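Here the structure is laid out as structure tokens; the discussion comes afterwards.
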Amino acid sequence: MPEANLSLYLLAGPILFAIGFYSLLVQRHVLRRIMALNVMGVGVFLLFATLAARADAATDPVPHAMVLTGIVVSVCATGLALALAHRLEAAEEDRADGGEAKR
Amino acid sequence: MSLAWIMALLLLAPLVAASLAFALPAAGRWLALATAAAVSFAVVRLAALVLDGGVQVHRVGGWAAPLGIDLRADGLAVLMLAVAAIIGGVVTLYAPAYLANSLATRGERDRFWPPFLMLWTALDALFLSADIFNLYVTLELLALAAVSLVALAGKRAALEAAMRYLFVSLSASLLYLLGVGLVYGECGTLDLSLLAVRSGPGPAMWVAAALMSGGLLAKAALFPMHFWLPPAHANAPAPVSALLSSLVVKGGFYILLRLWFEGLSGLLTPAAAQLFGVLGAAAILWGSLNALFAPRLKILVAYSTVAQLGYLFLLIPLAAGTTDGFTAWSGGLIFLAAHACAKTAMFLSAGNMLHAVGGDRIRDLDGVTHVLPLSAFTFGLSGMSLVGLPPSGGFAGKWLLLGAAIARGQWWWVATLLGGSLLAAAYVIRVLFHAFTRVAAPARSRPVPPVMEWTALALSVLAAGLGFTARGSATLLRVGAPWPSAGAGRA
Amino acid sequence: MDGHGLIPLGILLSSFFTGLVIFALDEESHGLRTALNLIGATLKLALVAVLLWGIYHGESFAVSWEFLPGVRFALAADANSVLFVTLSTVLWFWTTLYAVGYLEGAPHRSRFFGFFSLCVTATTGIALSANLITFLTFYELLTVTTFPLVVHRGTPDALQGGRSYLTYTVAGGAVLLLAVAGLHHIVGPVDFVQRGVVAPFVASHRGELRVLFLLFMIGIGVKAALVPLHGWLPRAMVAPAPVSALLHAVAVVKAGAFGIVRIIYDVYGVENAAALGVLGPLAVAASITIIYGSTLAVFQDGLKKRLAFSTVSQVSYIVLGAGIRGPLSTTGGLVHLVHQGLMKITLFFGAGNFAETLGIHNVSEMDGVGRRMPLTTAAFTVAALGMIGVPPLAGYISKWYLLKGAVQSGDGWVGLVLGASSLLNAAYFLPILYRAWLLPPPAGRGDAPPWRETHWMLLLPPLFTAALVIWAGGLAESPASPLAWVKLIVAREYGP
Amino acid sequence: MSARTKAGRVAIGALSLGLLGTLVWAVLALPRGPSELAGRAIRRLPESGVTNPVTAVLLNYRAYDTLLELAVLLLAVAGVWALRRGDWPPGDLRGRPLVLSLLRFVLPVLMLTAGYLLWIGAFAPGGAFQGGAMLGGAAVLVLLAGMAGGARRHTGVLRAGLALGVLVFAGAAVAAAALTGEILRFPTGDAGLWILGIEAAALVSIGLTLGALYLGGRPGAEDDAGG
């Protein structure tokens, strides 16, 4: 792709990453922090995608595949994180009425 | 048996076992036992292969790097695999008895095995991989397995610890992955040995190295990125704490070594090396002091892990930038193996005391020898290795590090090593005193299944005697070490 | 490793395995435990006898394997080690017997005797170490295995004593480790060989070697209770009597003294040490310790405390002998290694009997104890007179050689030290004997017929060791005496 | 640094900006040309058994990554199921015939699309993950519609289906090792078939996994009193 666009895309990744990083440290609510992680992730994937697009002719399949893998992994992590958050919430509520964490 | 089959056993046996353990929950324990047997067998064969054949490379899929992924087994990898096999085997024996007591239902207990076996898979894969993206995948597998295991305890504290651990671990992985991206963008390869040739100084590589190191330091819980470790390791079930302290944190450290001494060796400036050492020293001090004042036994042991991890990082300044870094290199890694065994034994014995007297507040430990002489003995024996008394493996490691520090005239590391030993002695003794105090009547206690006491004892004996095998370990570590075989030995 | 190698190994394992098995025994199986203890001790004695015989006929016993790159774990028996190993083994036998009697009915006996055996394993290991690393290994092992004995009673002051014991010895261990590593860096793996290994480096590494020597003396001096590193010794007195006996006469303090001897004669070599000019200061330190210990002993009313300070001073005779160059003083120092052990253990056995039978812990309570416990008191008296240096008892021989050595090497001032300390010895022992024999017992303590005065297991050991004191002194010039053996060593150290 | 205080936020902001600056500095320094590896990947495409280079990387060149990736998927489900019991949407479609008939129409289409994506993956963008996403969507619909009650009863089957992908993939790895002497090295010529087989199994597991993650917990009817 044209040089200018490439630079644009190259910048987009780091920007998203930095935004995610900032809110990960600033936000307190679990859901927001999980989202922040995902934003960071998207930033990284965008960088990979840009690297794949450097080639003028055919795209570089290797970063492509890595992004795919990365996305799946982050989906899994998010799923686990959400379940954990859910369970933690239940535990908090339980503690409010003094019971042992129910599942 | 050909290399392919060894690799298949090491990587696929735990993986398949994990999947089956998920599909057939009731079979988990037996699958784990089978895995332990298979993996141990494979490790022994691999060690033999490496010792006489040198570094072994298996090209997965038959495509050589950079297109494909290479599995590389050098002495270091074999050592780590062996440690993982030993710890994994012991936990396999220990866990059922412990879980039977701490988790209410059969169903809950069965849930331990899939993540445990996945953890084992991740470790084996991590130690064998020579591809930095593949290493990222193993890191994620490792982290998710570890988090699931911590959460298994089900108590609120454990859940919170797991949550924090997950956040730290995921963001660390992303930092690492970003670094991988930059490396690929710069060098067009992900293979460590190719990187060693292609990587050179430059903005992208510097930043990449910084990002990856940052992520890995967080995973290795090096001070000041250790804050997540004590709650996680102290609140998890004892066998899980053992796995985390002895193996999981080492994963990050292992990749760090692979990067700095192989893939990115061109970028390791003396200043950077010293920085790692300084952080290590800080970790020793901070971890030891916290251990010294910890209210609960498992917290003490967890902080001791923070401190002991500091020692590992001393090997970086002592081994970097010299023609014979091998002394420090082997010292640090022998220390790592010894710490793995000793720390596992410690957590397991702590678990026994917890099990027997119901709590692990240290001031309630008085006269625990009345109830659990074996476990107290185990704790003391593994303590010997942590302190570094001969002939323990801890001593062998510290001796080599000390020799390297003196040989290079870096006296501040000499002081750090000795001071750290004294601090370790202080917090180990702190516990032992309670074991010897006379009490009117022995504490009310539940009987502890023998398997729980004997497995822990066996490990502590191993740790205490590991010094005698240090030469063997050094010979193994020589294979594929970053230094030419000149100046071998001479500690 | 041939059959010869197996003997030093066997000497260690004979007590090591005994210890492990004893741990496994349950608290109530007293008979079996006692049997095991005595079998182990006897076996060890037998092996040591073989060793003695062999060394005397110039055979060599050695076993070693490389356990760190370039570092060997090595056991060997030379004349020096045999001196120490024989002493500790013989005394261990009697201490075990004594301990069995002393601890009847006490709790945790399996734990106690287990560590007791491990402790003597470590001691014999120190004696048989053939290089510095091995020495260091057993030196640390000794720390670890004696700690449970010191805190055995588990009372607050016992724990306090244990705490200070560990504080001193662990720190000392760290210093020693540093010294060993440093020397290893300069000369490579350090084996114990007569006349030392540092000769080639005396010129090139003068400063380093001096500093290292200081570190060695600090690291080992802790166990040898050199002033000012002696603080733990009196506090460790809370331990049961057999333990005190073990600490003072057989294991810890002795190991320290032996270690210093090793460093001077077999690591540095007395000639090199003299060339480095480190012997003089050591001799001074030893003299200060001697005077200091004796002086404090005079003012102790607690019997064991008084004996403790007496140990502080007496052990430094050995160091003093090593600190003065010349065969005669060396002889005096080395032979005192044995003599002090014999006399001091007798004294502790006696003190233990008084405490155990009559509940006497202080000197002021000892009036007329001689009538109630004539045999114990007699043994105690022999040892005490020996300590003072009354001919022809053991102590006299040591002091005599030290004196001659000092004169020969022109250090006249040492004569004053010896004289002064002997007077002080008299000053803190004679009052005890006076009270015991001449003062009337307090009302209500009846006389008991001899032989029944206390349990035979408590009575036999002091009598036997007292006999040894007389033998070592009276038959000093005979071929079958510690002195004869020491002369053999000295001949080899200074010989052509 | 506590994010509560304003100072904390400012500090973190500065930190993030610093990070951003460094990253920009780094990425702008990256070489702009295609990596030499890209060319290599294209060149050896014929040996890979597929013509879609991404699929070639995913399931042949770097199939090992993908195997571990499936392991991560399975592990996520195992972790989630260990954590809590899933909360079932109160789906009841009686009296909502329209939705019901819509589903009856949509679900088969989704299935079909998934299959198509799986097949096309060999030549063009597509493959097990895209197809799996379709199945996952279908699973979510089924859950929302409250039609997944069967899963409650047949958890055994469900577990088997979830583990299927890893098991088949690992099996293929071993079989390949037996045939060619190297893990995951598919016999030349039939590589395409092997890949299709693995992907088919992966498709099922991925779809089920996404559904399970959406459910966010155990199906529940399991033996565990503690659960």
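Chains: A, B, C and D, in written order; residue numbering restarts at 1 for each.
Definition applied: a contact is a pair of C-beta atoms (placed from the backbone, for glycine too) under 8 Å apart; a residue touches a chain by one contact, two chains touch by 3 or more.
For clarity, every value in this text was computed on a predicted model and none was experimentally measured.
Please list the single chain whose C-alpha centre lies closest to the global protein C-alpha centre.
Ranked by how close its C-alpha centre lies to the overall one, first comes B.
Using mean C-alpha positions as chain centres, tell me how far chain A is from chain C in Å, no decimals.
It comes to 69 Å between the two C-alpha centres.
On a C-alpha centroid basis, what's the spacing between chain B and chain C, in Å?
Whole-Å distance between the two chain centres: 43.
In angstrom, rounded to a whole number, how far apart do the mean CA points of chain B and chain D lie?
The mean C-alpha positions of chain B and chain D differ by 30 Å.
In angstrom, rounded to a whole number, how far apart do the mean CA points of chain A and chain D lie?
16
By the touch rule stated above, which residues of chain B touch at least two different other chains?
Touching at least two other chains: 133, 137, 140, 144, 147-148, 151, 178, 182, 184-185.
Which residues does chain A have that touch at least 2 chains other than itself?
Each of 17, 21, 47, 51, 62, 66, 69, 73, 76-77, 80, 84, 87, 103 in chain A touches at least two other chains.
Between which chains does touch occur?
Touching chain pairs, listed by label, are A-B, A-D, B-C, B-D.
Under the stated contact criterion, what part of chain D meets chain B in this complex?
Contacts found on chain D: 22-23, 25-27, 29-31, 35-37, 40-41, 44, 60-65, 67-69, 71-72, 74-79, 81-83, 156, 159-160, 162-163, 166-167, 170, 173-174, 177, 180-186, 222-227.
Give every residue of chain C touching chain B within the complex, in rising order.
23, 65-71, 73, 108, 111, 133, 136-137, 140-141, 144, 148, 151-155, 159, 162-163, 166, 170-171, 173-174, 177-178, 181-182, 184-185, 188
Which positions of chain B touch chain C when the two form their complex?
Touch list, chain B to chain C: 327, 330, 367, 369, 373, 377, 384, 387, 389-391, 396, 399-400, 402-403, 406-407, 414, 418, 421-422, 425, 429, 433, 436-439, 467-471, 474, 488-491.
Would you tell me which residues of chain A are touching chain D in their complex?
Residue list for chain A touching chain D: 3, 6-7, 10-11, 13-15, 17-19, 21-22, 25-28, 47, 51, 54-62, 64-66, 68-69, 72-73, 75-77, 79-80, 82-84, 86-87, 90, 103.
Which of the residues in chain B end up touching chain A in this complex?
On the chain B side, the touching residues are 133, 136-137, 140, 144, 147-148, 151, 154-156, 159-160, 162-163, 166-167, 170-171, 174, 177-178, 181-182, 184-185.
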